[in-house]
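In what follows, chain A forms one complex with chain B and a second complex with chain C.
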Partner chain A sequence: MATVHSAPTTQVQTPAVEKGFKLTPRRAQILWGYFFLIPWIIGFFLFLLGPMIASLYLSMTDYNIQRPGETHFIDTDNYEKIFSLQVIRSDEDEVDFKSGYTEAFRIASLHFGSRDHEVWKAIQVTLTFAVISLPVNLGLALFFALLTNTKVPGVRLFRTIYYLPSVIPAVVSATVFQQFLRGQDGWLNLYLLSPLGLGKPEWLQEPSLAVPALTIIGTWGIGTTMLMFLAGLQNVPTELYEASQVDGANYWSRFRNVTLPMISPVILYNLVIGLIGTFQYFVVAYILTPRGAGGNELSMYFYNLHLYREAYVFFDMGYASALAWILFIVVLIVTILVFRSSSRWVFYAGGK
Partner chain B sequence: MSKFLKRGLPVLVIVALLVVALLPSNDAKPAKAQDPVTIRIFVGVGTGYLPEQQAAQVALADEWNAAHEDIKVEFEFHDNETARDELLTQVSGGDVPAIVGPAGVRTVFEVSDLWADITSYIERDGDQLNLDDFDASSFGLYQLGERQVAIPLGVYPSFIYVNETLFADAEVELPATEYGAWTYEDLKATAIAVTQDANGVYNGEEGFDPAAVEVYGYFPFWTNFRASTIGFSPDDAGVLIGEDGTVTATFNQDAFREAVKFFHDGIFVDNFIPNLDAEGAIGEGVTNPFTSNRIAMGRSHTWLFGGIKSAMDDGNFTADWNVYPVPVAPNGKTTAAIHADTFAIMDGFENKDAAWEVLKWLTAPDQALALCQVYGCMPARLSVRSEWESFWLEAFPFLNLDVVYGAVEYLDAPNHEGYMPNYARAWDALETFWASVRSDAALDVDAGLDALNAEVQGIFDEAE
Partner chain C sequence: MERIRGFISNDNINQRNYMKREVYKVIGAGTLLMIMIGIASVYLSPLVYMGSTALKTEGQLSDPDDPIIPMTPQTYHYVSPDVETFRYTYRHPQVLDYQGQQLMVYEVIQQGKIYKYAFLETRDNVSVFIDSENPEATPIELGIAVEDLKPALVNERLEVNLYNVAYEDVQGQFGLVEELEGNRTLWMNPEEISEPPFELPIAVSDTELVRNEQDLILYKVAVDGETRELALLETGRRGARFIDPNNPDAEPLELDVRVRGLDKVWELDPHPENFTDAMDAIDYFKLFGNTLFIALVSGLGAMISATLVAYGFTRFNIPYANILFIILLSTIVLPPQVTQIPTYIVYNKLGWIGTFFPLIVPHFFSNAYNVFLLRQYMMGIPLDMDEAARVDGANPFQILWYVIVPAARPALVAVYLFHFLFSWNDFQQPLIYLGGGSENSVLAVGLANFTRIYSSQQNLMMAAGILTMLVPLAVFFFAQRIFMQGVVITGVEK
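So, the complex of A and B:
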C-alpha cells in the first residue's frame, strides 16, 4: 500500500531580524544564479563596458597609436572639432575661414567652415542614404512579403529565392555589384540600359548616382526583413479579413485598415533595425570606393567610413573614439524617438 | 558541510573568480642574465609573409641560431592586410619587435618616428658592411634628414613593359631601347596608335568606340599619384624641405601640371589610358593587368617579373614582350621611379646592439641574395646581382637588362614615396585627387592642383 508522505518543507524558519549576514536559501539561489552568470559578467566588464569606458576616456585625449607616448588629455576638444562651425555670408566662391577651418558645405551665400569638413559630408551622405534607402528597402520587403503570402503553387520556392541573397556575405555581394554596376562593361549597362538606349551611366563614379547605386545594392539584402514581414502577415487573424470583406472592403482598404495596423509592431522592429543598420553602414561603401575613401566628391563617404579612416588610416584613435560616441548617442536618441512615436502608430492587439 | 556547500561556496567562488579576473597577469618573467637576446623580426608590412615565402626565412633564422648562443633570431609572420595595424598595436602595447621588414620606402616614412637611427653603427662598421658594394643612390633612399634608418636590401627599378605582339598586330613601331631617345609625346602617339576597341577598330580610325576599348595603349597600373607623376621629373618629388626644416608642398609646379594633364587627357580625350572604372575590369582574372593582353604598354617595377613568369608557366600569357626605357619628361629630365625593400630596427627596442648585429647579417651578400630570391627584389648589393640576373635570364632569355640596370641610374631621389609630414593624411589627400583625375572627365586640372597643393600644405602645417 502506498504511503503518502507530506513533502519536506524547504522553508527555513529564519527570524525576520537577525544580527549579521544570514545566507538564506533564497539568497543562495540568487548567488548560484550569479555564479553561472560569471563568464558573461566577466566578458561584459572586460570586453564591452571596459572598452566603452576606455574609449570615453580616449575620446578626451589626442591618443595616436603611432605616438602613444605623446598622448595628452585635451578635455572636450575632439567633440568641439566634430561640431565646429564657422558661418560666413559671401557671394564669392571662396572665403577665408579662421585658421584650421575649411569649407564643409554651402547653402546659397552662406559658407559653413569646419575643423573637420569631412564629418559634415559623412553626416549628409548617411542621412541622405537613410531617407532614400530605408523606405525603399522596407517597402520592397513588404511588397515581396505580400507576394509570397499568397497560396499559389511554388510560393515556398519564391520565398527561398528572395531570401537567398541575405545569406551571401556583404563583402561578396559588394564585389559582385562592383562588376554589375561598372560603367563600360557592367552587366546592368551592357545588357539592360544600353540596349534600351539609356547609355552607360557611371554608377560608381558619378556622385549623383552614388546613393541610387547603393540603394540598388541594398535591395539585394531585403530577405531577412521580408521574412519578418511574412511572419507578421501570417499572424494576422483571417477573421479580420473575412469581417472586412463582409463589410465590403476592397483589397487596398483591407491592406490599409487591417494588414498595416496588425503588422505595425513588425514594421517598428524593422524600422529600428534598419535605422541602426543605416547609421552603421560601412562594408559596401568601403569595398566599392578606392582605398575605402568614399569615392568621387565623397559621394559614398558614410559616417562609419570616416570613423574607420580616422582610427585605422590616420591612427587618430582619440578623435575616432569621440566620433564613435557621437554615433552611439545619435543612434540612441533616434531609436528612443522612434519608440516614443510608436504609441501613435503601432497597434498591439493585446495592448502595450 | 552540505549547507556550507549550498550556501557559502558560491560566495567564495564569485569572489575568487572576480579577484583572479581582475588581477594583472604576470606573464613577463624577469630575464635571467644568461638568457640569450631574442631578435624578433616582424614580417608582413611588405612582402615576405606568404606561406611559400616563410620556409626560406625560417631556414635562415635556423642557420643563425645554430651558430649563435647569445642572440637568437625569430621571424614572425603577419598577413599584409593587417600587418600595419598589428605592428602599431604591438608598439603601442610596449611589445616592440626588434626589426621590421621587408619594408618599402613608404612604410618607413609613413611611421618615420618609429625607426632607430643607425648612422653611428654604419660609421662604426662601415668597412665590415663594404658600403662600396651598394648603389650610392639606393643607400640614400632611407635617409631621413640627418638620420639613416636602414640599409637597402633590394631594389625594384621601373621601366615600360611592352606587349610586342599587340604592337605587331597594330603594325606600330616598337619604342626606342635607349634612355633619352623617346619622350612622353612619343609615348602618347604610340599609345594612341595601338589602342583598339572591342570591334577591332584602332584609335583614330573611323568608327572607333571610346566607350568600348579593348586594348589600351598605356596603363601604369598598381600605382598612385606620386608614382605616376614622378616620371615627369618634378623637383623634390613635390616636397621641398628647407634648410631650416620647414616643409613646402610643391604639387602645383609645372611638372605636376603636365603630368596630370597627360593622364587626364589620355583617359578622357585621347582614350588610350583606362579610367578608374575600366582599371578594375582589366585586372580581373589575371595575376597582373599586363598579362591580360589588354595593355600595350605599362610602367611597372621588377617585381612584375614573378607574375609574368607565373602567367607564362601556366600558359595564360603567351605574347612576346620586353622592357623599354621610361620616356624623357617635357622638362628634359628622365626619372624612373624605384621601389626598395629593407629591414629597419625599431627605436623602441632596447637592445639595439644585438638588433644591429642581426641587421648586418641580414643585409650581408649571402643573406641578401637568399632573401631577394624569396622577395623578388634585385639585390641592392652589386656583388650578388649576377646571380639574380642569371635567374631571370634563364626565365626570360630575351630580357633587355640594359634597360633594367639603366633604370637604376635614373632613379627618383628624393623618392616618390619619400618623407612628408603628417604622411598618412597627406598621402590620402593626394590619392583622393588622383582618383578624381582618373574618374572625373570634367575636372579642372589646374584649379584642382592648386587646391590640392593648398590642402597638402595645410596638412604639412598641421604636423608642425
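So, the complex of A and C:
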C-alpha cells in the first residue's frame, strides 16, 4: 500500500487533462467535481431518465414481453382504460347502462365499473389504507418518541426495543402476523381481545377488517419514523419549555404550543416519506393473499399488487407502464400538495 | 443534615415541597416505566409468539390448553396391579380322571345315541370303557376297536392370563392355556383365536405377565385443602378416578371434580429440531449464501458510489451543484415501478433475468438516500484538513482516501449497513428478477414460498422466519449506535 501511494506525489497539482485549453486550478477543480459525480450521472441516465422515457413510450403501446412482435402503438388507450370509470348500473332504475363492465365499487345506489376490472378497487384499497394507516403510524411513532424522550432509567433500552421490529424483514413480519392475527387461536384474539370481551374477529378473512389488520402489521415498521421524531424532540431548545412553564402552561398546552410547532418540519418529512411508502405498499399484501391474489373480495388488493400482476404475471407491460405513470403522477401531486400546505402548518425555527 | 432536620421538624415549607417533588418524580418515572414495559410487551408479543411456536411440535400446538412456553403435559407411567386376561374357549379332547389314570374319552354311538366313554384297556379283543358321566358304574365292554372311534371334544371356557412371550421368532402377547410337563407350555394367540393353541418349550417363569400399562396425564387437584399432583385414570359421570403416583398400588381415588377445570402439570419440552427441519425444507444454506453475496457486494457498490458522488457534491464547489442535488433528491419521489418495466425488458434482452446482476449492478450508480446521508456528514468535516493535504500535493483521490474516508467512517459504515439490511430484507426485486421459485433465490422469497406451501405447519414457518431475520437482528444489535445515528443524520440535521 505505502509504495503505491508514495509514487504519484511528484506529478500532482494538475490532472492529466492538460491539453487544448488552459486548465486553471478552478477549472480543474470543477472537472474533478463532475468527475466524481459520474456514477450518479450515468445511473441517472441509465436507470432513471432513460427508463422513464421508455416507460412513457411503452405506456402508449400494448407491448407484451411474451409477444413482442405484436406490439402496436395505441396512443392513450391504456390511460383511457384506467379512467373508463363510469356508472354501470343503478339500483333505482335496475337497468344495466354498460354491460360487460365489472363492478368495482358502489356509492349509495350507484354501481361503478371500468374496463380494467380491478384497478379502481385497488385504488380504493390503497387510499383507504393511506388514510387509516398513515395517521396511526405517525401518531404512534410520535407517542413512542415522546415516551422515550423522558428521563426514565433504561430509556435507551426502550428505544432499542421500539426500533427493533423495523429491522425485521417485511416477509417475516407478514408471516408472523398471518398466524398472530388468526381468528380462533391467534394470540392477539386469544390473549388480548378475547379477555377484554372484544370477541375473536377474523382479521385476515373479514374484508372490512383487512385494512385495520394491515395497519396493525404496519405499526411494526415505524421505528425509523420514531427515531426522526426523537431527534426532532431532542432539538427543541429547553428554554422554550422553561419559559412556558413559567407562564403556567400545563403539559398538553406545552405539547400543542411548543413541541408540535418545533417538530413540524419532522412531521412534514415523515408524512412525505410515509405517503411515498404507502403508495408503494406491496410485500405484506403479497404474502398474506397468496401470490398477491388480493384476499377475500379483493380487500387487500393494493395498486402496486395490481401493477405487479399486470406486468410480471400477465406480462402486459404496456398497460403496467401506464399504471406506473399514473402512480407517479398521483404521488407527485400529493407530495406537491403536502409541501404547498406546509407553509401553513410547518414552523421553521430558523425563520425560513 | 439540614434537609432531614427540616423535614423532621416540619416547619420548613420549602423543604417539604422539595421532598414532595422528589416523591412525585419517582412515582412519575415509575408509572412511565410501567407504561413503557406494557407497550413493549404488547408490541413485541408477535416475536414471543414466533420464538415459542418455532420450538413446539404440531401436537403441542394443537393442544387447546397449549401454554405460551413450549411445554407438554407431564405424564405418569401407570402399571395397573390387575393382570390382563383374555376370555378363551379352549376346545380339546376330553380326558377322564379315573383312579389316578388319564383316560381319553371317545364318542360311542349306540342305538342312535352318542355316549361319551373313556377308554380303559383292551381285554381279549374287547375294549373296556368307563362311562364318563357315571365313572362309578361297572366298566362297559364293547367289541369296537378304539382306532375306529372319534375322540370326544370339549369346549372349556377359560380366562387366560396374557404373558409377554419371546421364544426364537415367536414373539408377542399370548394367553397361557396350560402348563405342561417338562418345562413346556401351551399358548394361544389372542389375535388368532380360531387357530389351535401351540406349544413352546419354555416355562411360565421365562415369561412376564402383561400388565395394564398407560401414560396418564398428571393434574393439579385440590384434595382436603392441599394441592396434589394426581394422574387421571378415567373420568366418570360424576367426578373422576385418579392414581397417586407416590402410592400407585393403592385403590384409585374417587374425586368429585370437573377435569376440564383442572390444571395440567406442565413440563418444559422445546423442539429445536424444527430449525434443522426448516433448514432442509428451504435449502437454507444456499439461499443464505445467495442473500449474503448479493447484500455484501451491492452494499459495496452503494457505499463506494455514494462516497464518490457525495465527495463530488461537497468538496469541489461546482456550478449548479444545488440544482443537481435537488434533482438527485427528487428521484426519491419517483416510484421504482416507473423505471422497473423498461429496465426489466432490457435485462431480459441481456439475459440477466434469473441472475444476480439486476440486484447488484444498479447499486454501483448511487442512490439518493445514501448520497444525502454522506453529503450531510461530509459537510461537517472541516475543510482545512483537505486544504492542508492539497498544499502537500495530494490529488483529489488521495484527499478522499486519506482525509475524507477516515473522517466519515461512521457515516460510511451506516450507509453500508443500511444498504446491507435493505438488500437482505428486500422482497419485491428478487421476486421480479429471480422469479417466484425457491431455487437460486434469496431468503425472503424462499420464506414466502415456504409460507405458502407449509401453511399448516406453523412451527416450521416460524423457525424459517427466525432463520431469515437472524442476520438483520445480529447486525442491528452489534451496530445499534451507528444505526440509530445514521437514521438521524439522514432525517433531520442540516
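Criterion: the second predicted complex is superposed on the first by the 306 of 352 C-alpha atoms of A that agree within 3 Å, B and C clash if a C-alpha of one lies under 4 Å from a C-alpha of the other, contacts with A are read in each partner's own complex, and residues count from 1 in each chain.
What we mean here is this: contacts are C-beta pairs under 8 Å (C-beta built on N, C-alpha and C of every residue); 3 or more make two chains touch, one makes a residue touch a chain.
As the structure is a prediction and not an experimental result, all values here were calculated from the model.
Peer 1: After the overlay on chain A, what do you see for chain B versus chain C, clash or fit?
Peer 2: clash
Peer 1: Does the superposition put A:Tyr34 against chain B (first), chain C (second), both, or neither?
Peer 2: So A:Tyr34 meets both chain B and chain C here.
Peer 1: Between chain B (first) and chain C (second), which, if any, makes contact with A:Ile42: first, second, both or neither?
Peer 2: It touches chain B and chain C both.
Peer 1: Is the number of chain A residues in contact higher for chain B or for chain C?
Peer 2: The partner with more contacted residues on chain A is C.
Peer 1: Just to be sure I read the superposition right, which of the two partners does A:Gln280 touch: chain B = first, chain C = second, or both, or neither?
Peer 2: Second partner only.
Peer 1: In the superposed arrangement, does A:Ser84 touch chain B (first), chain C (second), both or neither?
Peer 2: In the superposition, A:Ser84 contacts neither chain B nor chain C.
Peer 1: Could you tell me if A:Lys200 is touching chain B, chain C, both of them or neither one (first, second, both, neither)?
Peer 2: The first partner, chain B, only.
Peer 1: Given the touch rule stated above, what does A:Val172 touch, chain B (first), chain C (second), both, or neither?
Peer 2: second
Peer 1: Quick one: is A:Asn296 in contact with chain B, with chain C, with both, or with neither? Answer first, second, both or neither.
Peer 2: first
Peer 1: State whether A:Ser114 touches chain B only (first), chain C only (second), both chains, or neither.
Peer 2: In the superposition, A:Ser114 contacts neither chain B nor chain C.
Peer 1: Quick one: is A:Ile65 in contact with chain B, with chain C, with both, or with neither? Answer first, second, both or neither.
Peer 2: Both chain B and chain C are touched by A:Ile65.
Peer 1: Tell me which stretch of chain B runs into chain C once the two are superposed: 275-283, 293-301 or 437-445.
Peer 2: After superposing on chain A, the stretch of chain B hitting chain C is 275-283.
Peer 1: Which chain A residues contact chain B in one complex and chain C in the other?
Peer 2: Of chain A, residues 32, 34-35, 38, 42, 46, 65, 178-179, 290-291, 312 contact chain B in one complex and chain C in the other.
Peer 1: How about chain B: which of its residues touch chain A in the complex?
Peer 2: 6-8, 10-11, 13-14, 17-18, 21, 85, 88-89, 91-92, 111, 113-114, 211-213, 275-278, 280-281, 284, 424-425, 428, 431-432, 435-436, 439-440, 455, 458
Peer 1: In their shared complex, at which residues does chain C touch chain A?
Peer 2: The touching residues are 29, 32-33, 35-36, 39-40, 42-47, 49-50, 53, 305, 308-309, 311-313, 315-319, 321, 324, 327-328, 331-345, 348, 362, 364-366, 371, 393-396, 398, 401, 421, 424-425, 427-428, 431-432, 436, 443-445, 447-448, 451-452, 458, 461-462, 464-465, 468-469, 472-473, 475-476, 480, 484, 487-488, 491-493.
Peer 1: For the complex, which residues does chain A have touching chain C?
Peer 2: Contact set of chain A toward chain C: 5, 8-9, 12-13, 15, 29-30, 32-40, 42-44, 46-48, 50-52, 54-55, 58, 63, 65, 144, 147-148, 150-155, 158-165, 167-173, 175-180, 187, 191-192, 219-220, 224, 227-228, 230-232, 235, 265-266, 269, 276, 279-280, 282-283, 286-287, 290-291, 304, 307-308, 311-312, 317, 320-321, 323-325, 327-328, 331-332, 335.
Peer 1: Taking the touch rule as given, give the residues of chain A at its contact with chain B in the complex, in rising order.
Peer 2: It is residues 23, 25, 27-28, 31-32, 34-35, 38, 42, 45-46, 65-68, 102, 178-179, 182-185, 200, 202, 204-205, 290-291, 293, 295-297, 309, 312-315 of chain A that touch chain B.
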